[in-house]
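Given below, in the form of structure tokens, are the structures.
Two complexes follow with subunit A in common, the first pairing it with subunit B and the second with subunit C.
Take a look at the complex of A and B:
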């Protein structure tokens, strides 16, 4: 008798936490997104203004710029991370002391605080005394005296670099997990038949890794959309607004200009984008699983 | 001949990868032990000093209080999140309760909510309750990020435990709660430990919440980094010393769970 309700009792503590810490704030910011509320003028929320905050966003160039910046950042960092992780996993799945050593140290970038990663890359790319700025200048004379973080495109490139450096290890571990689960017989048979390494990778291994690659790409997209820490510590959104991602823009609207209504609306636009991708992700996974179990 | 060339190429590639991974970390560690004058040169020939660590732990930087904040916030978050998550994970793993799929999906989907959305209402609420710049505020918001993640991870570990011994114990008349306490939890212990360390790392490195919700008293280590950006410019040698303090405990923990890393990560995502 008591056992019948037990499953629910077990769920309750965690469920209360999730309800209070995510569902409630979500609802609250959703309501706020339809209000006018300038925190510098009033401690209480202002009038309901319908969709005004959303309509304003659609015409504000700073918001549209942040959408574009986010898009560029997400695309480049996802593509680079997935390709690099796949290549690294193919290299590291072999056995050997150096392979093991590399696998072990790969955990370090992932464990490092992203804010600190931003700080250390900022230091290394300082044009005067940054070790990478100087080192690259010494090896490639064309890169001497390049003002790395003061150039919009280069600043974006370094921002992507820090993110790829941080996430590639995690994704490599996912790939290694995927590689370990595919049967090796086909690969060995092809090798005996004299197929080249390239053909084995593209013809046999990658097609079987489709599911894992899909999961990686979607997860990485979500992480990239959320990325915030390095923007603060590496570029501060600059130069100008060239690295002002959507998450950073929302932060500015909310906590520099204290426009709570508009910030909530923007936050919900970001949430909607992420929810759309997540739902698409879950559906894709379900259909993928049906295919494999059928 | 061709074989040995490939062999050399592979080693060279592995060395290159290790350098790319280790160099930024090594450079930070070196800088932390340099005198200010040496920090602004690229020379490797310098006299190491502990002065930077002495400086960051004294006025006006007070890294010690930031270390305390980080330790307390991360520890309390783990202590609250992990037991609750473990119970929920067991329930999700073993029972077919009504609406189970929907609940699990609901909890998972909160993982995909941007932190900015969560922090905005909390900022307003904490302001009202006078809780801004307190550790309690940081613990509450960190639970939001960490709890769903830990449920997901521990469920992966519990799914992998066979149910035979549980059923045997129940036939012998043990209650479900006893089974959880005496059979399941000991078997899931390595997984729960791994998840706890993960949860600790996530909270320890958390930046956005702490940046917005703390000013002076509750500042954690990652946010403390920003304070070394002064009117005199960035104080790199002090930032590096603070960076060493942030990374050393986390690196030790990460290397400790390295073996379980792949399993813990992929169990949640692929299953």
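Take a look at the complex of A and C:
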């Protein structure tokens, strides 16, 4: 009898920790999202307001702007990361003399903290003393003195660049894993059948990498949707609100304006978007498996 | 005429010599089998012909033209791989059609040729399935269809049956043989299965450690193995190889005394095939020992006799029965062929 219950007793501490740090805050934030709660006035959630917080979000331009910024950021960073990672993996998959060294070097950007990346890039793109700003100015005179992070479009481009730089190594390793699972014979058969290198990549390798690319794209999308650290340390959401991502906007609403009810509703909107993508991903993955392993 | 000539071809991987300066001519329409154990260089040789592996030195000629630097697609070859090499994201139809598409064959003609080829290998009803929905034998047929659809000058087959179960392998073997008879295309076939080699080949090249040790018809290789390695490799059950010495024109080993036409010497190996031995009753037989094992194979019984380190197998009648460890005597049949080899060098002595 005691033996039968022992596993459950052993699970209780972990369960309590998960309950206290994840389940409870999640449930609490969900309830809060239907209430009014100004933290500067009350330490407890206020009146029940139904869907008011959600309805307000749908018409608030600052939220809609952050949604648009996030959309642009996610689309560009996901597409660029996946393409770059795939291209790098195709270059790195053959073993050469620098094979191990290149792979070690490649993983370094991913080992860096996102906040630190933001700070580093802010310095590097400083028009007066930034090494990248100076270097670009030296190579392309037209770029001398360009206020990189003061221009809305350039600031967004740099934010995307830092994220792509950070994530490409990890995604490259995912691609390398996927490429290793493709039977060498399919590529060789295509070579004998008369396919060019380009055709082998697009007609034979990429279709077989569909599942891996899907996993990469969904993972990257979820991480990009949560983009926060680099925004704080690189652009601060600016200039204006041009790089104010949804996660950063939620942080501002909750911890600068102390409107916890509205911030909770926004956080649940972000969660809903991520859940929708995750469910779509699982369905796609299952149909992919059915296709390849039937 | 699609003759393939290998002239002193060599392949090195760093300091490892995979194929050592080998020359070989594969005649037009011939079914040549490269046979040998794992790592003997047979697949490397085929991959060099295909253009999938660079040649360290030597030349490969197809139809009299040196093709060393030609990419695989320009060598007018088709290859069937051990793991089929099918495109998993394409249907059977698309798989077969792909080489034609790449060569710019018009849609109408592609459709006709795919259908004709699929019918030839009995895949007509499966054209819209994906490879993952097919059995091993069906997948191998798709690989074959993809190879034959564009009527190449040479077929290269790299252990195409080794992933199939024993029964299917026999069926597919017959189909391959029939297909070769029907198409008459020069075929190079790699296998480690001597039975496949014997049944399919016009000629067999037995390879060992990167070298061709014997190149001949299956019949000749079976009847006159060039050395000890070939003797042990060809035949199932394999040839009895008995260690002993020759004195006074008689080969002697534990329990064995057989007259042979060889001068006195030690370190001799006598080879005799199991089917050339009879089980005899009398104690004065040339081969004597105790019955070690009886294995019924269906059409016959394999009788293994032991005497000290000597172990001899004979193919007996399916009804043969005896007690294990009882005395057992074997006599070579009239006209039985004895093969004599030097133990140290493996060379044939007679």
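One rule holds for everything that comes next: the second predicted complex is superposed on the first by the 269 of 294 C-alpha atoms of A that agree within 3 Å, B and C clash if a C-alpha of one lies under 4 Å from a C-alpha of the other, contacts with A are read in each partner's own complex, and residues count from 1 in each chain.
The definition used in the following text is that contacts are C-beta pairs under 8 Å (C-beta built on N, C-alpha and C of every residue); 3 or more make two chains touch, one makes a residue touch a chain.
In this text the structure is predicted, and so the values were computed from the model without any measurement.
After superposition onto subunit A, the modelled positions of subunit B and subunit C are compatible, with room for both. Look at A:241: by the touch rule set out above, it reaches neither subunit B nor subunit C. By the touch criterion defined above, A:228 lies against subunit B but remains apart from subunit C after alignment on the C-alpha atoms of chain A.
After overlaying the two complexes on the shared chain, residue contacts for A:65 are found with neither subunit B nor subunit C.
Touching more residues of subunit A than its counterpart among subunit B and subunit C is B. Here the vertex is the CA centre of subunit A, and the angle it makes with the centres of subunit B and subunit C is 80 degrees, a multiple of 10.
Shared-chain residue A:278: touches subunit B; no touch with subunit C. Shared-chain residue A:192: touches subunit C; no touch with subunit B. Shared-chain residue A:204: touches subunit C; no touch with subunit B.
In the overlay built on the shared chain, the residue A:183 is in contact with subunit C alone; subunit B does not reach it.
With the two structures overlaid on their shared chain A, subunit B and subunit C come no closer than 11 Å at the level of C-alpha atoms.
Across the two superposed structures, the residue set of subunit A contacted by subunit B and also by subunit C is empty.
Looking at the complex, you find that subunit C touches subunit A at residues 50-52, 71-73, 77-79, 81-89, 98-99, 102-103, 130, 132-133, 146. Against subunit A, the residues of subunit B that register as touching in their complex are 10-11, 13-15, 17-18, 20-22, 24-25, 27-28, 31, 39-42, 80-81, 83-85, 87-88, 90-92, 94-95, 97, 103, 105-107, 109-110, 112-118, 120-125, 140-141, 143-144, 147-148, 151, 175-177, 201, 204-205, 207-208, 211-212, 221-223, 225-226, 234, 236, 239-240, 243, 246-247, 250-251, 253-255, 258, 261-263, 265-266, 269-270. The part of subunit A that touches subunit C in the complex is made up of residues 183, 185-186, 188-195, 199, 204, 207-208, 210, 291-294.
Per the touch definition, subunit A reaches subunit B in the complex via residues 3, 6-8, 10-11, 13-15, 17-18, 21-26, 28-29, 32, 88, 91, 98-99, 101-102, 104-117, 119-124, 128-129, 131, 134-135, 165, 169-170, 173-174, 176-178, 211-212, 215, 219, 222, 225-226, 228-229, 232-233, 247, 250-251, 254-255, 260, 263-264, 267-268, 270-271, 274-275, 277-278, 282.
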